[in-house]
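Here come two complexes built around chain A, the first alongside chain B, the second alongside chain C.
Showing the complex of A and B:
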């Protein structure tokens, strides 16, 4: 396994109290595997990604409990300097949603793509330059050698996201965390970035965690899916199982709530209510207040039930 | 109900003329929903702004129930404005955080009718009830509500004056998946109940297919394809519409995306391509596409493409 996360708890210490943003999740990512972390805003998917890189908000964010292992090495106890030197940008890299904010407008793209390579002593001098050109070519920036001196604003939105991807894959990371990498892009550009991520994985064998709220993007890119709700993973399984035979009422409701191409005009099945506050979450199943299959038992924490090989859901109905 | 004829909008900038909208024509039928679809920068929001009288067309005419908005006097324009309301994408930006919800919803009423305090409060409570919020919500501030509830408040404000046409600019894109369906169902309910006409701007094609009766696909300021939603989605005729539909990821792991349907990216409206504006990305482009602007062919399902037979 490239990544093994066990019982991870990430807390945000706010004035209003402790927000349990990630509340005991476990997941794994294998070599060459893409895991989709799917959920709505506030479900904890982004803070899970930031926990892996130990990039939590300064002061308020804390990993309270649990273990994160990269190739068997424990990361939660690593010093900040070792994290910066050996892990972040080197063995775990990240692609964020908005390429305009992840690129620095006052540095040329040649500078920005060489930075991680230089900082992690991957290449220097002429080798560095040729390495930068080869990574930019790999993400299909046309005539890369002529554009090293250009600045982010001279590229289109899709090209900028390609440059961000080039920065992330330069050091051939073991794990790529992609947080909504296509959300800011138009649909014809989105499909190009999906193809690029697939190609990067085929070329390098990197594990990918795709964080997204878009069930279409997740279906087209992921091997396995973990569905998050209110800080917990409610269901996890192979992509085909999750979409063809979802077991948890939340997964079922989510899949029923989205309009699909080719469906006739009809009423959408809305999910009533809204997610709970994570400062004082319900004791039992967190989806229970909105769940059509709610029972008395749901006031207690639900058991995780194995339905098939690798397919698990946390729900009393399945117990 | 609403008719656009050859509407054009150019902006003069230091770098030259931005041809944001170029000769766009379409009709919105009463009590139906027309969707404007296209990628960022295609001009769909500029079209909405012109309909809302926030921008003036450089050329062309926008007519509401047969009356040209360009020749309306001040009183007629005011009457037009109260019949045409808007709901915007981001309910965090469109509601003033310093005002109570009741004041926010009452604002259009006070500007147009000023019916007195009791009547205003009654109307505020009515529209809050229509959008599914308790009357007590009027006393609270926007930050006390979730995103979906805020969008309900924005809809309530738009409803306060009993408009006839609503311009919905990406009304659910800022909302979570589980909340989107609630708001879309609400919009469908009030359309039926009050006989509203909708012009919706959206980039989510599955939503458009689900929600609209007619659709106009815009590419770089021009209508590429338009017609009844069912026909356009079942048999897209313009290569751009075909590319858009082929690129939509489906919540189905067996669905295969067509990654080659539209190579490259949308050109700049500062320097749009000659001929058909889609030709640099079009897999089917022939010589005439580079030189001659295609006229729309077919009715009611029209496509502006040289390869489409009339």
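Showing the complex of A and C:
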């Protein structure tokens, strides 16, 4: 396994109280595998990704409990300088949501793409330059050699996301955390970025965690899906099983909410209610207040039920 | 790029022309210069004669047109008081003023940038708090008082630096500090808030996520982004220092334009006042042009828009 996360708790210490943004999640990513972390806004997807890099909001964010192992090495106990030197950008890299703001506007892309390679002592001088050109070529930036001196504003949104990807894969990381990499892009460009991520994975065997709220994107790229709700993983399984036979009522509601072409229904299916406050979450199942299949037992924490090989869901209905 | 320079120069020329009208009219509102030149008991005929000699009996508009016409050929008239070309009087003192303003600006930036950056990085920490107190002190202390304090401590008591005069690099230290002290506060605030903005941006977050050392993130990748608002301010402050240096120049007996012009105002020495103000406004326009051009060096987006 490239990544093994066990019982991870990430807390945000706010004035209103402790927000349990990530509340005991466990997940694994294998070599060359893509795990989709799916859920609505505020479900803790992004904080899970940031926890892996230990880049939580300064002052308020803290990993309270749990273990994160990268190739068997425990990350939660590493010093911050060791994280910066050996892990961030070197063995775990991240791609962020908005390509328009993810690049520094006042530095050339040559400088920015070479930055991680330089910082992690991967290459220097002429080797560095040729490495930067080859990485940019790999992400399909046309005539990369001539464009090293160009600045981010001279590239399109899709190209910028490719450049961000080039920065991330330059050091051939073991794990790539892609946080909504396609959300800010046009549909046609989305397809290109998905193809690019696939190609990167085929070339380097990197594990990918794809954080998205877009089930379509997740379906087209992921091997496995983990559905998050209110800081917890409610269902996880192979992508086909999740889409064909979702077990958890939340996953079912999420899939039902996707509008389909040719569908005769006049109204969109929405999930009634709001996600719970994570400062004072419900004791039992967190989806219970919105769940159509709610039972009395749901006031107690639900058991995790194994339905088939690798398909698990946390719900009393399945127990 | 060339088009921009030409456009700015054209705009600057209009500003300078406007400044010339204002200074020409206002200086004449201050009274009759001839009264200052002759003894109190001088006969009216002598006064009238001198007025004719200086062309002060002509209509104001005609006087102005003559002044501008001559000024365009580099002739600003003779100083009433010193009986030498006003232009030479000003140009002789211009380098000292530019030197003082540049050193003052350098001092303020050298102080404001580190304080502003560290305040932003350690927001709410002790550096931030001390920086804020320091900046407030700077803004609360007028230049003449800072100047006197500096002379008292560093020249009189410690005897480290000369109290007044001009010539060696040591002479510029105290006046530059006195002049640069005040803008430190505002510049620190600008740097601090610009840095806070940048440090919170996506690209800095990405740099962190890719393991860039914090030192590089702050002093290289964030600082250059924060430089644009600072640059704008520097242009304004440099110009303000050129024009506003007369207090400091007076305290430290610095042979600059400011002091000369103030003296000329008191003696109603119109040609000197006009030449001095006009040259200050030319420097003002040029320093702003320089700032405009330097944006492009710092921010490539601006380079392309033009």
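Note that in this section the second predicted complex is superposed on the first by the 315 of 319 C-alpha atoms of A that agree within 3 Å, B and C clash if a C-alpha of one lies under 4 Å from a C-alpha of the other, contacts with A are read in each partner's own complex, and residues count from 1 in each chain.
Everything that follows uses one rule, which is that a residue touches a chain if its C-beta (ideal position, glycine included) is under 8 Å from a C-beta of that chain, and two chains touch if they have at least 3 such contacts.
Please read all numbers here as calculations on a predicted model, not as lab measurements.
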{"item": "Which superposed partner A:84 touches (first chain B, second chain C, both, neither)", "value": "second"}
{"item": "Partner chain in contact with A:271 - chain B first, chain C second, else both or neither", "value": "first"}
{"item": "Chain B versus chain C as contact partner of A:259, first or second or both or neither", "value": "first"}
{"item": "First, second, both or neither for A:113, with chain B first and chain C second", "value": "neither"}
{"item": "Contacts of A:169 with chain B and chain C, given as first, second, both or neither", "value": "neither"}
{"item": "Broader residue contact with chain A after superposition on the shared chain, chain B or chain C", "value": "B"}
{"item": "Which of chain B and chain C A:195 touches, first, second, both or neither", "value": "first"}
{"item": "Partner chain(s) touched by A:215 [first = chain B, second = chain C, both, neither]", "value": "first"}
{"item": "Chain A residues contacted in one complex by chain B, in the other by chain C", "value": "none"}
{"item": "Touching residues (chain side chain C, partner chain A) in the complex", "value": "201-214, 216, 221, 224-225, 298-301, 304"}
{"item": "Residues of chain A that touch chain B when the two form their complex", "value": "40-41, 156-159, 186-192, 194-195, 213-217, 219-220, 239-240, 243-244, 253-255, 257-263, 265-272, 274-275, 290"}
{"item": "Complex interface listing, chain A residues touching chain C", "value": "53, 55, 83-85, 87-90, 93-94, 96-98, 101-108, 115-116, 119-120, 151, 153-154, 164, 167-168"}
{"item": "Residue numbers on chain B that touch chain A, as the complex places them", "value": "39-40, 146, 148, 176-182, 184-185, 188, 203-207, 209-211, 233, 243-245, 247-255, 257-259, 261-262, 265-266, 281"}
